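First chain A sits with chain B, and in the next complex the same chain sits with chain C.
Right, the complex of A and B next:
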């Protein structure tokens, strides 16, 4: 008689129950090498941490008192320099009485950025909201409307400038990068050549030289009497620079799309642009999320280079605040730690967000 | 033949300068005819059917599909692709779209159907391939056989006059081959013109009007399945058949 095949019914995986001690044993003291490393690292922490806490907390000077700071030099941190100078560091040369304007403008833009990260808000009106946010940002910063006192763009500075330059150059560079990446793979030799020359040219020079050209050389080629705002020139410089790198990232994604996807799209009668928009780009861009976000983070930090063309964004504003002030100049380290914390907050948020996006796009595809 | 829907006249094709992949192909396919093409790998059988919807270009001769001469002309290619559906060995479903979206994409963007109508048509085709309950899933959540049936449904959504199958069961587990062949047989029973590259000789015997054997870019022999399997004329055909039917 034949056996009847009886499949085993599926059951849930066993729940892992384990306490603190097994965890420690497995992760920290698995063998003698592992254990030794743990002991050494704990010892190192015990040696360093008290000193650090002493310097940063117990011996530190918090009020904006230059003499007290001077007295504590070498033994305690002078956080007073931040208490004293934070407004110059955050807002740069922007007129003191008007600094509520960049404050609102920056909060607004950061809020808009955070909203844009939420999937639920990915609707057509998000674009309209961004137009409004940008209009309000530039209205508040520049003035000249609604009775606001005009403020020249070369006085803009600090965090508002950093956030604005990074946001706009990323927003503008991304679509350009996609077009250039597609262009580099085009069948039309003219378009392909233009894209290759653009990418190779930009990748062959440092950002500083691009900014230098945008700021000092570009005006020489303009007709007499015609000027373009330095902020716009710098923004275009960063955008063109960033787009070249991003284009190569996007191209990497494009190359990973199997040829069969294109053939299927051809067979269904989709046009070139329909194929790119509906089939190729959604898959290609999902694949390059980590390296793309890597690039965004690096653009955010690269904005600090605009200092060399006399725009004082966060890093520039810090030098501005301390270099000319003999009394506070010795406490640059503390001030740098302050802007480090600001940069880190933004960059860490971006990197965490990238992880979330990665998960989103992979969830969509498989179980 | 007046009722020809596809005709090849002295078609030659090369890959690069050296590889002569199609040699003097003459072939006429009648409306509603079901053709199975077989042959060793590299014999040009896939290339032959891929010429019909201009996935491959050819250098010499003439290919006419439903009255349109295939040339470099983009309009001609577009017109032909509207009439020709294709199913691939590797399914080539779009993994980032649901099954339903895979099916409605072309009807909406190429055929300009409203969404509701496109979805209705898609569901009809999914029922036809017996997979309607999977409409909301993503392709990679389905088995190979299910994916291939979705691919067939996707091609049918554009109401083609001709269906091309390029080794549709070669990437499937043995247990799933039958479900795909069943769908194809049904389609054949409904009068679809079909050109099918496959080594499923059972399918050829049951469904095909004509079996074509290719080797080294040439059509070696073509005949009705009965004649082809029982009285092969060429030695090359006999040799091939002994290898694939022998065990």
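Right, the complex of A and C next:
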């Protein structure tokens, strides 16, 4: 009996699951329905994209030449309108020779915002730095110090105004929001009622009605002979509006703190404010960072509404630049795309950052 | 041994927590009352000095301005009150149509982010990020520009099957000419809804008693359609349609939506849908994968898994933020004032400029939105309670 060794047939190599081809097979051509969708979408892109590229790039006019733009109308974009008008769009009615001032002020403010996003800078002196930045910002914009020519606030406009309104209203609204949120969770019925009425009232009405109030009714509210700058009035309006929304977010965080912690703090003999400051708020605020960031994004977007009450921030400055200019008015859509890109850059960056923070917070929680 | 007498409890002390609470509350109320009183006093004085009249009597006066589009009959000789009512109806119209459309689009995009096709996923992601990060006002302005400048003039309108026309003049589509038969058809459909509701209750009861899961959609849908058809036939089967026609300088007939309405509607729908898509995605993601696996281990089909296990749990997470998005859409419709759609804000603004009654006009705007918001949230809270988990 000759037993010869018969090896079993080799197993086939494992199917590749990594790499480009398997990815395409799994994600684009998994079955016939999937494949059909892919083919249809690619076909659609092939129909649309060349036309778009033609309009935006190959047929487009880049120099600030109104005749060339007029000739290319309908077939190509006129980016020349941006070359021509970008200063008015970015800086509004600010005096032309003085525009280096808002330029520096905005760069400074945006830089400060970016630094504040970095963990390494989260130190007590950050607050001092912000005070300095704000002082320099208002000094540069308003003038009247160090031999700078004074510039009235109604001449401020464009991007500096947008950034300033968003930043300041966030800074001012945040402490107010924490107070109101604590008030809404308070045991004292009168304080609770006041806070609930404030929050629900503000959240029930659109921002524009609050802005109308700030611009039409605020002057009536003030004692006679006292006038308040329209910028301040609008800032107060946005702040009060934003604080109501933020308060609800903070309340969400407060509700997530287990009651046992409050009881433990009571047992230790901590007072109400000590409990809130040392036990509750640090945890609650860390918990609501992602939704808070979303709220900051919407405040940034909402500043565009002040154009309705005649402040020339980015959106308003654009109408200012083009509405009165017959030559360039037809190319408003290109100008709109330009400021859309600016808004998008800011908001998208903030939303990416919020994702990063969210990850940091969840990393801190896992052990 | 003498029994210890427990120390006498002070019924009241100025140093007790209750007393301090009372003091804080009184102080807070006084502060609020003081501020309100101060502002009211100033306002009254300012009004006297500037000769501004107050009161709501202006609502009865003739408005004197025309309104571009109205759902009810209106002409400039009618009162401010009527004009504002026209504005309220316009706001509600754009909000209701917008909420329906944005829900459909938002849910589709939200589900699309779970598609097995990478292109669909990418497209939905791009859509959400793009539309979420641009201010709604800017989007409305751009859509308005699109509807009044980019589109062809009416004589060269884009049209689909000679039924739908899109041009600078707006969007025109066919509509049935209203007849008595349509009222009957509506009644029939309403009866169908009743029958359908009764059927679903029976099916639910049968399911809970026997575990037999009957189809809950076919019969109600058939009942509604059948009821409408029966009513329509009973009412004499009116079959006249008003179809838009392309004339020399305009598109006439059918129902025509103005460019302003279209811009507000499309802008709000696209913007809000990007938020709703995120809400839907979050809701579906919140149901853990183990649930789906458990359901399939029980032998439920994919549809049953979705309907009986995943959706009921996802809905609980989805509904509260969805309500917020509906309210946001309604509130954002106030931006229509920027592109001249005659909503309540725009008409109140005109009224304010004509009569100078700032306080009253702004109060009207706030009241309209406040009541809409509170009404919607009451409705959604009721629905939310119905689908919420019954805890202990």
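Keep in mind that, in the parts below, the second predicted complex is superposed on the first by the 350 of 367 C-alpha atoms of A that agree within 3 Å, B and C clash if a C-alpha of one lies under 4 Å from a C-alpha of the other, contacts with A are read in each partner's own complex, and residues count from 1 in each chain.
In this section, a contact is a pair of C-beta atoms (placed from the backbone, for glycine too) under 8 Å apart; a residue touches a chain by one contact, two chains touch by 3 or more.
Remember, it's a predicted structure, so these values are computed and weren't measured experimentally.
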item	value
Partners on chain A (chain B, chain C) - clash or fit	fit
When both partners are placed on the shared chain, which of chain B and chain C touches more of chain A	C
Chain B versus chain C as contact partner of A:212, first or second or both or neither	second
Which of chain B and chain C A:269 touches, first, second, both or neither	first
Partner chain in contact with A:187 - chain B first, chain C second, else both or neither	second
Chain B versus chain C as contact partner of A:220, first or second or both or neither	second
Partner chain in contact with A:336 - chain B first, chain C second, else both or neither	second
Chain B versus chain C as contact partner of A:63, first or second or both or neither	neither
Touching partner for A:95 - first (chain B), second (chain C), both, neither	neither
Touching partner for A:351 - first (chain B), second (chain C), both, neither	second
Closest approach of chain C to chain B (Cα atoms, Å)	5
Residues of chain A that lie at the interface with chain B and also at the interface with chain C	none
Chain B contact footprint on chain A (complex, rising order)	258, 260-261, 263-264, 266-271, 274, 278-279, 282-283, 286, 364-367
Touch list for chain C against partner chain A, complex	21, 24-26, 28-29, 32, 39, 42-43, 45-47, 49, 52, 116-120, 123, 129-130, 132-138, 141-142, 145-146, 149-150, 331-332, 334-335, 337-338, 345, 349, 352, 358-359, 362, 365-366, 369-370, 373-374
Touch list for chain B against partner chain A, complex	53-55, 78, 81-82, 84-86, 88, 90, 92-96, 105-106, 109-110, 138, 140-141, 154-155, 158
Interface residues, chain A side, partner chain C - complex	27-28, 30, 34, 37-38, 41-42, 187-191, 194, 200-201, 203-209, 212-213, 216-217, 219-224, 297, 301-302, 304-305, 307-308, 315, 330, 332-333, 336, 339-340, 343-344, 347-348, 351
